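Below is a structure I'd like to ask you about.
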Amino acid sequence: MPGPPLTISDVERAAAKALPPEIWDFFSGGSGDEVTLRANRTAFDEVFVTPRTLVDVAAPAMSARLLGTDATMPVAVAPIAYHKLAHPEGELAVARAAKALGIPLTVGTLSSCRLEDVAAVGGPLWFQLYWLRDRGQILDLLGRAEGLGYQAVMLTVDCPPFARRLRDMRNGFSLPETVVAANIADPHERVAHTGEAGASAIAAHTGALMSPTLTWRDVAWVRERTSLPLVLKGVLDPRDAALAAEHGVDALVVSNHGGRQLDGAPPSIQALPAIADAVGDSCQVLLDSGVRRGADVLKALALGAAGVLVGRPVLWGLAADGERGVEAVVTILRDELASVLALAGCPDLAAARGLRVTWRGAR
Amino acid sequence: MPGPPLTISDVERAAAKALPPEIWDFFSGGSGDEVTLRANRTAFDEVFVTPRTLVDVAAPAMSARLLGTDATMPVAVAPIAYHKLAHPEGELAVARAAKALGIPLTVGTLSSCRLEDVAAVGGPLWFQLYWLRDRGQILDLLGRAEGLGYQAVMLTVDCPPFARRLRDMRNGFSLPETVVAANIADPHERVAHTGEAGASAIAAHTGALMSPTLTWRDVAWVRERTSLPLVLKGVLDPRDAALAAEHGVDALVVSNHGGRQLDGAPPSIQALPAIADAVGDSCQVLLDSGVRRGADVLKALALGAAGVLVGRPVLWGLAADGERGVEAVVTILRDELASVLALAGCPDLAAARGLRVTWRGAR
Amino acid sequence: MPGPPLTISDVERAAAKALPPEIWDFFSGGSGDEVTLRANRTAFDEVFVTPRTLVDVAAPAMSARLLGTDATMPVAVAPIAYHKLAHPEGELAVARAAKALGIPLTVGTLSSCRLEDVAAVGGPLWFQLYWLRDRGQILDLLGRAEGLGYQAVMLTVDCPPFARRLRDMRNGFSLPETVVAANIADPHERVAHTGEAGASAIAAHTGALMSPTLTWRDVAWVRERTSLPLVLKGVLDPRDAALAAEHGVDALVVSNHGGRQLDGAPPSIQALPAIADAVGDSCQVLLDSGVRRGADVLKALALGAAGVLVGRPVLWGLAADGERGVEAVVTILRDELASVLALAGCPDLAAARGLRVTWRGAR
Amino acid sequence: MPGPPLTISDVERAAAKALPPEIWDFFSGGSGDEVTLRANRTAFDEVFVTPRTLVDVAAPAMSARLLGTDATMPVAVAPIAYHKLAHPEGELAVARAAKALGIPLTVGTLSSCRLEDVAAVGGPLWFQLYWLRDRGQILDLLGRAEGLGYQAVMLTVDCPPFARRLRDMRNGFSLPETVVAANIADPHERVAHTGEAGASAIAAHTGALMSPTLTWRDVAWVRERTSLPLVLKGVLDPRDAALAAEHGVDALVVSNHGGRQLDGAPPSIQALPAIADAVGDSCQVLLDSGVRRGADVLKALALGAAGVLVGRPVLWGLAADGERGVEAVVTILRDELASVLALAGCPDLAAARGLRVTWRGAR
C-alpha cells in the first residue's frame, strides 16, 4: 500500500499481497463458476441513485439502530469464519477496531477466538449461529452468547449444505494447525486440518458438524429459547421473507453468502426490493454480498435496507495491517458514506430510503 | 487434466488436447457465425434462480421419470452422431457409463455402433430417429429399436436440412475410414468419407440420406407405428409445441441443436418458458443446448423443464478418458445438481419448478 | 482468400487487402464516431428468430417481387457511388453478376459508368436519384432511366446534407482521375478530384451538386413525372413512413445509409418493426444497413421487410475479384438464405413474416 | 494534434499531452470509482434519435435563447474553476473565443480571473454562484455580476459538499502559486496551495470557503436579491425540479457535475426526460455532463433540453491551444450540430424536440 489506503480496493490489493494464495482464495473466492460472485459487483454498478438537492446536509446523521443495537453507522461486520487465517490476533483485533469505531461485530460459530475472549474486548457484539448437529451445543452457544452480552442472534439459513467452492477444492485447502473452531466443545470437532487433493477440508468439517435439516420449526425452537433479537441471514425469496415475519423473526439479511453458496443466485441488491416490499415494517432488512463502497451502502438504503454487513473488506483490512487495517477499512466506509449521504442530500438515513433509484438502461 | 476434473470445463480442456483439431471442431463448433452457440451459454449466465430456505434438504430426491423411463437424475445423454470419432469404443463406452450411473442414453440413427451392440450393454436407452429418405429403413429402425428394448423414440425435427457449419466446410471434414453410420442397411450409404475443400462430407452424407420433407403427417405416421413414447427434438416455437400436443406427442425437447442448425435461433433457455406455458401438462418438456453445470439444470427445471439432455460434455468425457471420462462427466453433473438443489432449498425436483427466476438487469 | 470465400467476412478481408487504404476507408467507414455503423451489426446479433418445424422445406421458394421487379431472392444491390473505385470495370461488372444471378441492381446518380452502358448489360435495373440542384438534369436522368428500361426510381431522402465522415476528412479523400460521376451532364461537375487536408472532396462535390431542400412537394413532383414505381430510401420514422404512403410512394427502404449519415440514428433492424406497422400493406418495405448474412435477411423478413439491399458486401466482392467476386458474394447470400429459410421451416418468404422474433435478454 | 482537430476527442488527446498529469487528472477525473463519469458517455451511445426526412434543411436555424440570453447555438460554456490551470490567459482567452462565436460563458465563483476582467472582454456572460459561508460576499458577488452586465445567475446546488475525488487525493493536488480564486475578497481565502499526501487542497479550500447548508429558503433569498434570471445547476430528481418551478426559478441544469460529485448518480441524459416532464413549460431545462459531440446535443434536445453546457471540452481546447483551441472546440460543436440537425431533418431547434428517441435494445 503506497500511502494510506483511500478505497477498499486499495486494501484488497494489499491483502492479496499479504496472504498466502490458498488463504486469499478461501476468503475471496465464490462457489461454482463464480457467476453470482461477479454479479454481486456488477449489479451495484448498474444501479443509479438520484440525489436530492437543497437540503441542509452539513452533518448527515449516520447513527443507526440495527437489530436493536446502536451503531455509529448502518454498517456491521458480517460473520466470517476463522479470522486468524488473516492475522494471528483474529477476531480480537477486529473486535477492538469495531469497538473503536462503534459498529457491531458478528462473531461466528466458527470464529477462531472464543466468544468469551471476544466479549472481553467489549463493544457491540452479535452472535452468528450455524445449525449444528448437536442441539445441546446450540443451546450451550446461545446461553453463552446471551450471558456474555451479545445483543442479537443471527441464524445463518443458507448454509449448510456447503457449496462446491472450486478454489478450495483445487487447493485441497485445510486450516493450518494454529487455527481452530474455538467455540466448539469437543476438541476433535474443532479442527479442519486434513485436506486431500480435490477436496476442501473446510467443506468436510462443516458437513460433519452441521445439519442441513434446518426448517421453520427449528426457527420457532430458537425463537423460544432466546430473548435476543433473532435475525435470519441468507433470505432471497420474498415468500421466505413473509414467512420469517410470521415466525416472529426480528430481521433478515438479504444475502447470497457473498457468492459462496448457490452459484446462480441473484445479486443481493437485485433481490432486495422485493424482500423489502414483502416485509414492510414487520422486519428490519439488512443486506450483504458485494458491498465495497459507501455508495453501495447508499444504494442498499435507497432500495429498502436498514443497513448492511461487510465481510471480505474487513478481512482484507485485517490481513493487510491487523487491527489498524480493520480500522482503516471501517473508516473508509464511514467517510465514503458520510460523503455520499451528503452528496445525495440526505440529512439522515430515513431520507436515503426516499431516494429515487433507476437501473442502467432503464427508460 | 491435472488432478481429477471438477467441472465440465476441466473435461472440455482435456478433450481439446486429446482430439485432432478437425474432430474437435466437428463436435464443438456451431453453424454460421456461431451466434446461437455463444448465446446458449451467455443466456444461462443471465438467468438467476432464487433459493428457498429453511427446507429440510438433507438428501434431495433427484430421481426422475423422463419419457416414461426411470432415471437417477433429470439428465439424459443427448443423441450425438459417431461417438467413435471421440474414442474407439464409441457408444458402447458411453452406454456402460450411462448404465452405471442410471441415466438414459439416446442412441442416434447415425451412431457408430449398431443399436443391437449398444442394447447388449443394457441400461435405459432411447432411440433417436432421423427422417431418412427410405421409409422402409425407418420402419426397420423403429422395429429394431422397439424389439431391442429401447424405451422411447426421439424424432429430430430440426435436421435436415443440414446447416452451414463453417468449421467443417473449411476443414473439408470427412469421417475417418474406421467410423461409419453403423445402423444404415446399405454399406454404401454408411460412409461419409469423401471430403472436398470448402465442403463437409457430413453435410453431403446427411443430405443424401435424409429427407427435408418431414411434416406433421409423418409425425402421425410414426405415432401409429410405435407404441413407445414419442418425443420431438428441436421445438422452439410455442405454436409448434401446441401442435405437438395435439398430435399425441408425449414430450418435446426445446433445443436449437446445440447452436448447430439455425444460427440466429434463440438460446433454448430463453425459449423454454413460452413452450412450457403452451403445453401445460399435456407434454413433458426437456431442454438441451448449452447445459454445462448443475446450476444450468436447476435453471431449466425452474423455467418448466422436466429434465435436460447433455451432448458435448459426454463426448468430451469420452474423448478425454473413454468410459471413465463419461462417468466423470455424469458424476460431476450429478454432484453439482445435488448441491444446487440442496442450496436452493429443493427437497425434490417438483420444488425446483416453484423457484423464482429473474434475469440480469430485471427490475 | 485461402480457398473460395464461404462468408461475406471472408470477402471483406480479401477486399481490405486488395484496396488502397483510403478507398477502403471510403467504402467501409461511417460518419462521426461510427456509433450507428457498429450498432447496425450488433443489433442484428441481438435479434433471435424462432424456427418453425415439421414443414416441408425441401426447396424454399425464394423468388420475390421487389418494387414490381422479379428477383430470384429478396435481395437487391443497394445504390453505391463510384464502383470503379473498387475495380476498373465498375458498375458493368456488378451488372453482369447481378444479371447472372437474377437480382436487381440499383444504379446510382453517382455511378461511375453511364446509365446507358449499364443498361446495355441487361438484367433488372433500378435507378437511384439524388436530388440535384439542377431540376432539368433530374428530368433528364428520369427520362433516360425510364427510356432505358430501368424498372424503378429510388429517391434517396437522407442525403444531402452530407455527413461528417471523418475517415475521408482525415484522408483528404478525393477521387482518382479515372473515376467520375459519369451521368452528370456538365463535365466540370463530374469530378471530385481536388482533396484538401481535413476535408473530403466527395463531400464538397456532393454539396455542390445536390440540394438539401428536398421536401414532400418534390416527392409529389417526381411522382407525377415518372410512371415507374417510386421508392424512398432512408426512412426511419414511422410518421414519415405514413406520409410516404399518403404521397403515393410505392415502397420504402428503412435505412440509415449504412451508418454514413446521422451518427446516432437507430440501427435499421431496430427501426423496422414500427415502420412496417405504420404502413401495413400500403407500401412495400425494404431494409438496408448492416446486412451481411442470410440470417440477417431472414430477421428482416420476420420483422416485416419484403426484402433487403446489400451495399458494401457487393463492393467488397468487386474489389476482391471483379465480376466473379460479386457473383461469389451474391451466391453466398443466396446459399445462406436458402439454408436459413429451410432451417426456419419456411417454404416461402411469406412464411418468414410469421416467424416469432425475440430480442436478447427479452423475458 | 496532427492537422487541425476534427473532433473533441482530437482536442482531448492534445490536451492530455499539453497538461501536467496532476492538472489533467484534476480536469478529467471524477469522484469515487468514476462509475458515473463513465456512464455519462456510455448512456449517450445507448440513445438513438430517429431522423425525420423530406424537410427543407438547407440552413438549420441554430440560434437559441438560453436563460434569456441570445446564443448562436444551444450551447454555453459550463462553469469551471481555475481556467488558468489550463493556460496562463485563463478565462480571458475563453471569453474572447466565446464572444467571437456567440455563445454564453459562465464565469465561476472560483474563476482565476476577476469578474471585472472577464466582463471587459465583452460577450454574453453568466455568473455562477457557489454558496459561500460569508453571505456578505455572496451579495458582493451578485452585485458585481449584475453591475458588470452578467445576464444570469447560475446557483450550483450539488456542491458543496465536495466529493472524494481520488485522483486529486492520490496526487495531493494543490494549485500552483500563480492560480488563485481571483473573485474572493480576502487574499488569504483565495489560495488552495497547500497539498498534503492523500488529500486534495481543492477539497479543503472548497470546504473552508463554502457552506453545505444551502436550502430552498436560500434560493428564495437569492431570488429576491437579483433581477437576473436564476438557474439551479445540479438537479436530477424530478421532485426537486418541481420545487424549483414553485420557487420562481427560471431554469435548471440537469447535471451530475460531470461525474465529479455523487458517484452512482444517474447519467444526466438518462435523468433528463423525467425532469423535462416534471417542469413542462414552467422552467427552461439545460443539461451538462458528458456532452462531447453535436449528436449529444441533438439527443439532449430530443429528450427535452433547451440547450447544453460544455465544460471539459472547452478546457481541453484552452490547454491545447489557448483562445484558438477554445474556438476550435466551439467550432467543431457548431459544425457537428449544424450537420446533425440537418441530417435529422430539423430546420430549427423546436423540430429537434419532436424527434423520436429509442434506447439500445428497446423493443
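In order of appearance the chains are A, B, C and D, and numbering begins at 1 in each one.
Assume a residue touches a chain if its C-beta (ideal position, glycine included) is under 8 Å from a C-beta of that chain, and two chains touch if they have at least 3 such contacts.
Values in this document were obtained by computation on a predicted structure and should not be read as measured data.
Q: Touching both subunit A and subunit D, which chains are there?
A: none
Q: Taking each chain's centre as the mean of its CA atoms, which one is farthest from the centre of subunit D?
A: Chain centre farthest from subunit D's centre: B.
Q: Can you report the angle of the rotation that maps subunit B onto subunit C, using C-alpha atoms only, to the nearest 5 degrees?
A: The two chains, subunit B and subunit C, differ by a rotation of 90 degrees.
Q: Between subunit C and subunit D, two touching copies, which fits better, same or different residues at the interface, with half of the numbers shared as the threshold?
A: Shared-number fraction below one half, so different.
Q: Using mean C-alpha positions as chain centres, tell me how far subunit A is from subunit B in Å, no decimals.
A: Their C-alpha centroids are separated by 42 Å.
Q: With centres defined as the mean C-alpha position, give me the subunit A-subunit C separation in Å.
A: That pair's centroid distance is 59 Å.
Q: Which subunit D residues sit where two or more other chains touch them?
A: 360-362
Q: Over in the complex, which subunit D residues touch subunit C? Could you list them?
A: Those residues of subunit D that touch subunit C are 3-4, 6-7, 9, 45, 47-58, 293, 295, 298-299, 335-336, 339-340, 342-344, 356, 358, 360-363.
Q: Spell out the residues on subunit D that touch subunit A in their complex, using ranges where they run on.
A: For subunit D paired with subunit A, touching residues are 32-33, 35-36, 39, 46, 157-158, 161, 163-164, 166, 169-170, 197-198, 211-216, 218-219, 232, 234-240, 243, 261-267, 270-271, 273, 359-362.
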